[in-house]
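Labels for the chains are A, B and C, by order of writing; each one numbers its residues from 1.
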Amino acid sequence: MEKGNFILNLYPSTKFMLPLFVTISIFFVPGYLYAYLMLPLCILIAFFAGKAKELVNLVVKGLLVLVLFIFIIQSVIAPGEEIFWSWGIISIKQEGVMRSLSLTSKIIAIASAFLLFFRITPVKDISQALERIGMSPKFSYAIIATFQFIPEISNRSKVIMEAQKSRGVETEGNLLTRAKAFIPVLGPLVLSSITSTEERAIALETRAFSAIGKKTSLNELTKRRIDYIIQVAMVILLTILLIGRIWLWN
Amino acid sequence: MSFIEIQDVSFTYPNGFVAVKNISASIEKGEKLAIIGQNGAGKTTTVKMLNGLLKPTYGTITIDGQNMKGYTTAQIAKRLGYVFQNPDDQIFQSDVFSEIAYGLKKQGMTDDDIAERVRRAAQQAGIEGYLDENPYNLPYSTRKFVTIACVLAMEVEVVILDEPTAGQDYVGMQQIAKIINHLQEKNITVITITHDMEFVVKNFDRVIVMTNKRIAADKDKREIFWDFDVIEEANIKQPYISELAHLLRVEERILSIDEFVDSLLEMKAKERVTS
Amino acid sequence: MELIRVNNLDYMYPINDGEKALKNVSLSIREGKLYAVIGKNGTGKTTLCNVLRGFIPHFHKGSLEGEVVVEGKDIRHWTMSELAKNIGFIFQNPFTQISGVKDTVFGEIAYGLENLGVEVPEIKKRVKQVIQLLNIEELADKNPYELSGGQKQRVAFAAVIVMDPDILVIDEPTSQLDPKGTRDIFDMIKWMKEQGKTIILVEHKLELIAEHADYLFVMNDGRIITEGNVEDVLSNPALIDYEAGLPQYARLGIELNKRSSDFGQIPIHRSQAEAEIKKWLGIHVNQGGSGS
């Protein structure tokens, strides 16, 4: 973990206040403008954490297509009276546009807040924080190991693909050919993972995995005063929003 | 023109990493060839180009006069079999018989023919007693013989063995030697990539030494294992017996125990005469 | 001092074909020696290792009969994590030994001590020490997953050594490694022996066993069929009949002995072979010197 960065050094539960706050508040504050503002807010936070580029990349790659797709579908297909613009049978209606603005603003707000959270919080920190509030070490092992195994699995499937091609399994070509290659590639991946699981479990025991008693951790994770301040402040802010919302309803 | 022609071939990975530079070699039908050298020397890249898993960036590879450029690995697999180092990269059937039969079924053979071929291949690989077993209940070293049987059943013209002796015991080593002999009797080309010099010296004739992405030497094993410039350049080791002979300053280029015993007895006889 | 005592041990796996994996095995392991176990695959070498480390009966069930006493206490009464402090175990496959929860080699080596609840400053001190002693400084900041097989295996050794066990059980550590990786591992084994550790090693490379081991067990079909000092066992032609093989140097000696009755002792490793042949040829050892 990078030292000395204020945001990165916050405790995981403090960092989690961001997606929590965003997700709840966008349903309290009416209109789409507030929800859309969450994206620049996240990018701003990411900037101070030194992760702005990564976040923008993820948003552009992951969200843009989805947002555009929703926009087109909602504005063109959804029924409505007020027609903005039409060309032949295609017409854009006001209701559709409003609906898609509201929908996409929420998706963007929630997704960017969560993306940011996972960018600034290492999985090992999350699991360690969860372990402190009582989660079983076995469960947290499973979480972290899964994240770490993903690149490993992708490497192995490449090797398996090569091995199967070498014995005559055609993996290039049309959809049907590719579908047929699915089992010979997935089979060894799953089977060898199962057989190695037992060995992994035993190997963990050589490192005293099931030792009873308190464990220590090299990962320095401390909850400081600023963490409590931020968490309390966020809860107060949410409460104000909630009261304001009920107030305005009446 | 030789059966396999590698003509001035280079390979660069998409990320710009050069793995093999300007290599050329001709391999005849029925030849037994070992490719040795340190990790990262380019051995695996070279054999992967032979079976089309990688396509040369420059240069051409022909088998039986045909340029391999236009063929997929699956097509080449009918003529050239490749046994991967780790058997668990390919095994996925629930019994040994089906695993060996898998490649044959894809060729549309009849059940009787398949059964016959599977039986024969299993026998050659020394695993005829395990046909009904689940491969994953067998030891790792036996699973390796299952994958060798898969290739034997395909009756290919070239067999590539990637580190076949890794994890094998004394009996397994002998079984591999038997398989190689059998393949040679049938005029099938055998190519191995290996770090095991004892295995090379006992089972192969010609040796290609690769170092730093190039072929450093390509000649008979006796020449290779007594060429100290190549040994030093490629950072390889002489087989145990040759090394001992060298240490004792024996003049002949010793490769086997029998040769060494003969030459030592001769030395001893001379010693008697002079003293 | 005797560290492990096995008497009339029989073991059958829970899923079995009616045959015992270990049959009437008895052995004694004494402090500070390197014991090698050889024999063909599937004859119980790994099963024996699993019993000595307590994976049998604590992880694999099945029926275990006879006596297995580790440091004065029956194996059935040890817990697996207690044993982790006394017996280190290194596996054949470098890939399955990576914990999967650490993103640096430093953290990977520290993992066992974290589980034992050792204080952080102490962990850091010990991990740094082991990294330095085993000469793997260049790996410390790398991700364990990005290492080669040989490097992973060295890290696996370090991760066990840092826990400072008295006994190490090592099951075919080099079978998937290249010559450089094999050399590095045997350098580590040699170093551990010099530290006074007791080592039980399963390995097929007889030339390396001849060089490093003190005592040898030969297994076949679930039994220990012969045992003894490494010089005596590895020079015995009967090993071929036991399907365990012989070191090249012993084969050479046996052949020479057949053809020339005045050849002395059957050598098992290189320096011995060199000396014996020189003696037999009548060359004075001090004038010969090394050729390379």
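In this text, contacts are C-beta pairs under 8 Å (C-beta built on N, C-alpha and C of every residue); 3 or more make two chains touch, one makes a residue touch a chain.
Please read all numbers here as calculations on a predicted model, not as lab measurements.
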Label of the chain whose CA centroid is most distant from the centroid of chain B: A
Pair joined by the larger number of C-beta contacts - B-C, A-B: B-C
Chain centre separation in whole Å, for chain C relative to chain A (CA means): 45
Gap in Å, rounded to a whole number, between the CA centres of chain C and chain B: 29
Where chain A and chain B are represented by their mean Cα positions, the distance between them in whole Å: 47
Interface residues, chain B side, partner chain A - complex: 48, 51, 53, 72-74, 77-78, 81-82, 84, 86, 88-93, 102-103, 106-107, 136, 150-151, 154
List of chain C residues in touch with chain B within their complex: 39-42, 92, 148, 172, 175-176, 178-180, 204, 207, 243-245, 248-249, 251-252, 255-256, 259-260, 270, 273-274, 277-278, 280-282, 288, 290-292
Chain C-facing residues of chain A, complex: 124, 141, 144-145, 148-149, 151-152, 196, 199-220
Residue ranges of chain C in contact with chain A within the complex: 53, 55, 59, 79-81, 84-85, 88-91, 93, 95-97, 99-101, 103, 106-107, 110-120, 123-124, 145, 159-160, 163
Residues of chain B defined as touching chain C within the complex: 38-39, 139-142, 166-173, 195, 198, 237, 239-241, 243-244, 246-249, 257-258, 260-261, 264-265, 267-268, 271, 275
